[in-house]
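Chains here go by letter, A, B and C, matching the order in which they are written, and residues are numbered from 1 within each.
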Amino acid sequence: MFQPVQGYRWYGYIAGALLVSLVVVLILQQTPPRFRKPLIRAITLLGGLFYALEFFLPTHPMPTPEDPQRVGNFLTPYVVPFGNTSVIIAAWTVGLGFINLVQVHSRRLLRGAEGAFNSAVLLISMAVMIVVHILQKVHPNAINKNLHHLLFDGALQSLDATMFSIIAFYIVSAAYRAFRVRSVEATFLLVTAVLVMLGQIMVAQAVTMHLPHNLHVEVIRDWILTKANAPATRAIAFGLGIGGLAVALRIWLGLERGSYFEAQE
Amino acid sequence: MEHASLTVQILLPLISVIIVATILMARRRQLFIRRIQGLTAIDEAIGRATEMGRPMLCCPGLGGIDVPTLQALSIITYIVRASARFGTRVIVPVSDPTTFPIIEEAIRDAYVAEGRPEQFNSNDIRFLSNRQFAYAASVAGLIWREQVASCFLFGLFYAESLIFAETGQQVGAIQVAGTPSTTQIPFFIAACDYVIIGDEFYAASAYLSREPTLLGSLVGQDICKGILILLVLIGAALVSLAPLIGPPAGQWFFKLFQ
Amino acid sequence: MDLLRLLQTIDRRFIYALLLLAVSAPFFLSIRIPVPISPQTQALYNAIEALPPNSFVLLGADWSAGSRGENRPQTEALMRHLMKRKLRFALLCFDPQAATLTETMAKRLQSEYGVQEGVNWVNWGYKVDLENFLKALVLNVPQTVSADINGTPVANLPVMQGIQTARDIRMILDVTPSETFKAYIQFVQGTYKIPMGLAPTSVMAPEAFNYLDSGQLIGMINGLQGAIEYEQKVGYVGQATRAGLSSSFAHLLIISLILLGNLAMLLQRRQRARLLEGRR
């Protein structure tokens, strides 16, 4: 199903897909607003129905040369090609995000407004990164490779790591501020947090190693994590799962009301 | 590809039917919903920003077009509508390009719905970066530069949650957060003023809008949670009583959920 | 300012400086403290040890430079174990940085264990759209992956011989700072009940315990602490062991600050109560 193609056929398929997309966009734009919402609802319903049916319909053996024991139903072969459309949509929207970013910052730069210098840095960095990456792909010579290495591994990765490491500083100040014995519950929270943290300290582990097994800090830590914390997160996950399912159902069946959907009469 | 097991084939449609049934029922009957402190605080935070004449920041997190982000958008549009009435500026930094046009459109609609289309400023709905920490740095920078009075953090968050919350705390912003990412809740609790925990996040739109459909859905969710609790209790009882009644009953029950 | 009040409101910049000191001071110490092995680390180690020779393992690496502190030693420990046991493995990354970071690591380690790229291991490189890629991978591995990070068609590589669908993968390992492991469980592990191990950051671990209890995960390397344990099991002193003392000092600092703040608060409360009693 939808096997990759090469050569002229590939260009033909791309051109055909672009043409079809253009026609669809034009039709959508010409559709009167009162028909747009029902249309979107119908597409949402159909899209959701496809995945729901594929998941619920009885399965049977679907042997293929690669996998003689494979099971599925008549919709299974279409799951991957349908899913690929989301990648294509995502790729297009990256362009939208890019345009917005350039618009906002070039406007600020042209106006010479406050923060124009930051905008200039952003636009230049973005342009340099794109150019260097393309150059490295098209002409992978030593200069381009080194430039790419310098920007991607040297700058981007270090900046990423720096931002992440800031969390360590923030967690210390936040913990210092938040963990106060203001109530019985807060005291429980504090004691539990201290016990879990002690379980992470090698020295504390070494010190309690000679105590009875149940008093080892790492045993206490594991007990808290697996017997107290895990059931609590599981319970929250149950609630979240059902909550998520309810929102998904409302959107799928066109029952969603309020906020970005129309209010109820 | 994984397909529904027998238990899922029974449970999932059952839960769905209950939720849809309560939605339909709610359209005819008034339903009660308890007070959720964190959501009541939203109005307080909007009021504070208005009084101080400083902007507010609504962060929809790192999610793409998924249920948590759509739910976050639902809360954000409520905040935008409320702030439009007072003329308070709202900044929405976006990390996912796929959600960007949806968020922009929803916020534009919110201003139009309040009769203040002129207040919509496309510069305030910004796509920053889809890289987690580039986004985190940009949002932290925005909080500092704009000296926001209120921060609303709703959606999917990961390690960057504390960067946002702690930066907001440093500029003295009142902060309300809600996320289905259970691992980030402790960070929000440590650094934010109000936190919406667990499925309260999905109750938010019902609580804020009081739309019968959403209230009905909420009641349906509670009934479903009751069913799950019952199943957990049955499972626990079967395991505990296994020495008395013999293990086959417990094993049969567990096989259903494997 | 009153000392008790000062201890409750220590300037955050001072706290940051203390943390910097606590983390960097152990770099100059060479103390090695053996750590007890947690059950989940032991379980993962045992599961890899039990794999038949030449089994094919999928090693997902979905981290970037940000979480390198925890995820890099975890990846290295697992990679060393796989190379040591001469198990075939494929690196799969849903983060562009991970693809190059793990490639460098594997190339550095391969000569030490006498293994070869393309024969014993392959880097499938950076792939987009986690869920859809995994769905496709389950059905047809060579067609979905197509080429490795160097552009070589994977179907021609000796390491990929006999690997047609996810059914041929003997174990899945995911090193991640996020929730990518849930997609692996949902779309790959669940389909063919392939044993799966996880190496999350400490902050993500609490959620993963649920999947350990349910049996969907067979073992776990829990953050840096887990990496220290795994390095000990594999038998080398790595980055995690060296960073372990810094992590311990940082935790000690947090505990000390919390206790100090609380002590000051309680003493101040008592002081106030006495003052009020005196006035009465």
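We take it that a residue touches a chain if its C-beta (ideal position, glycine included) is under 8 Å from a C-beta of that chain, and two chains touch if they have at least 3 such contacts.
The structure displayed is predicted, hence computed values, not measured ones.
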Pairwise touch network: line, ring, star, complete, or other: complete
Chain pair with more C-beta contacts, B-C versus A-C: A-C
Chain whose Cα centroid lies at the greatest distance from that of chain B: C
Averaged-CA centre spacing for the pair chain B and chain A, given as whole angstrom: 16
Gap in Å, rounded to a whole number, between the CA centres of chain C and chain A: 19
Chain B-chain C separation of Cα centroids, rounded to whole Å: 28
Numbers and ranges of chain A residues touching at least 2 other chains: 79, 90, 160, 163-164, 171, 173, 175, 177, 179, 233, 237
Two or more partner chains touched - positions in chain C: 12, 64, 66-67, 135, 139, 206-207
Residues of chain B touching at least two other chains: 1, 132-133, 159, 182
Residue ranges of chain B touching chain A (in the complex, touch as defined): 1, 3-4, 9, 12-13, 15-16, 19-20, 23, 27, 64, 67-68, 70-71, 73-75, 77-78, 94, 97-98, 100-102, 105-106, 109-110, 122-123, 126-128, 130-134, 136-137, 145, 159-160, 162-163, 165-166, 169, 180, 182, 185, 187, 189-191, 197-199, 201-203, 205, 208-209, 211-214, 217-218, 220-221, 224-225, 228
Chain A contact footprint on chain C (complex, rising order): 10, 12, 15-16, 19, 23, 33-36, 38-39, 64-69, 97, 100-101, 128-129, 131-132, 135-136, 139-140, 164-165, 167, 202, 205-207, 209-210, 212-213, 225, 228, 244-245, 247-248, 250-255, 257-259, 261-262, 265-266
Chain C - residues contacting chain B, complex: 12, 64, 66-67, 135, 138-139, 177-179, 186-187, 190-191, 201, 203-204, 206-207
In the complex, chain B residues that touch chain C: 1-2, 132-133, 158-159, 170, 181-183
Interface residues, chain A side, partner chain B - complex: 54-57, 59, 71-73, 76, 79, 89-90, 93-98, 100-101, 103-104, 107, 115, 159-160, 163-164, 166-167, 170-171, 173-175, 177-179, 233, 235-240, 242-251, 253, 255-260, 263-264
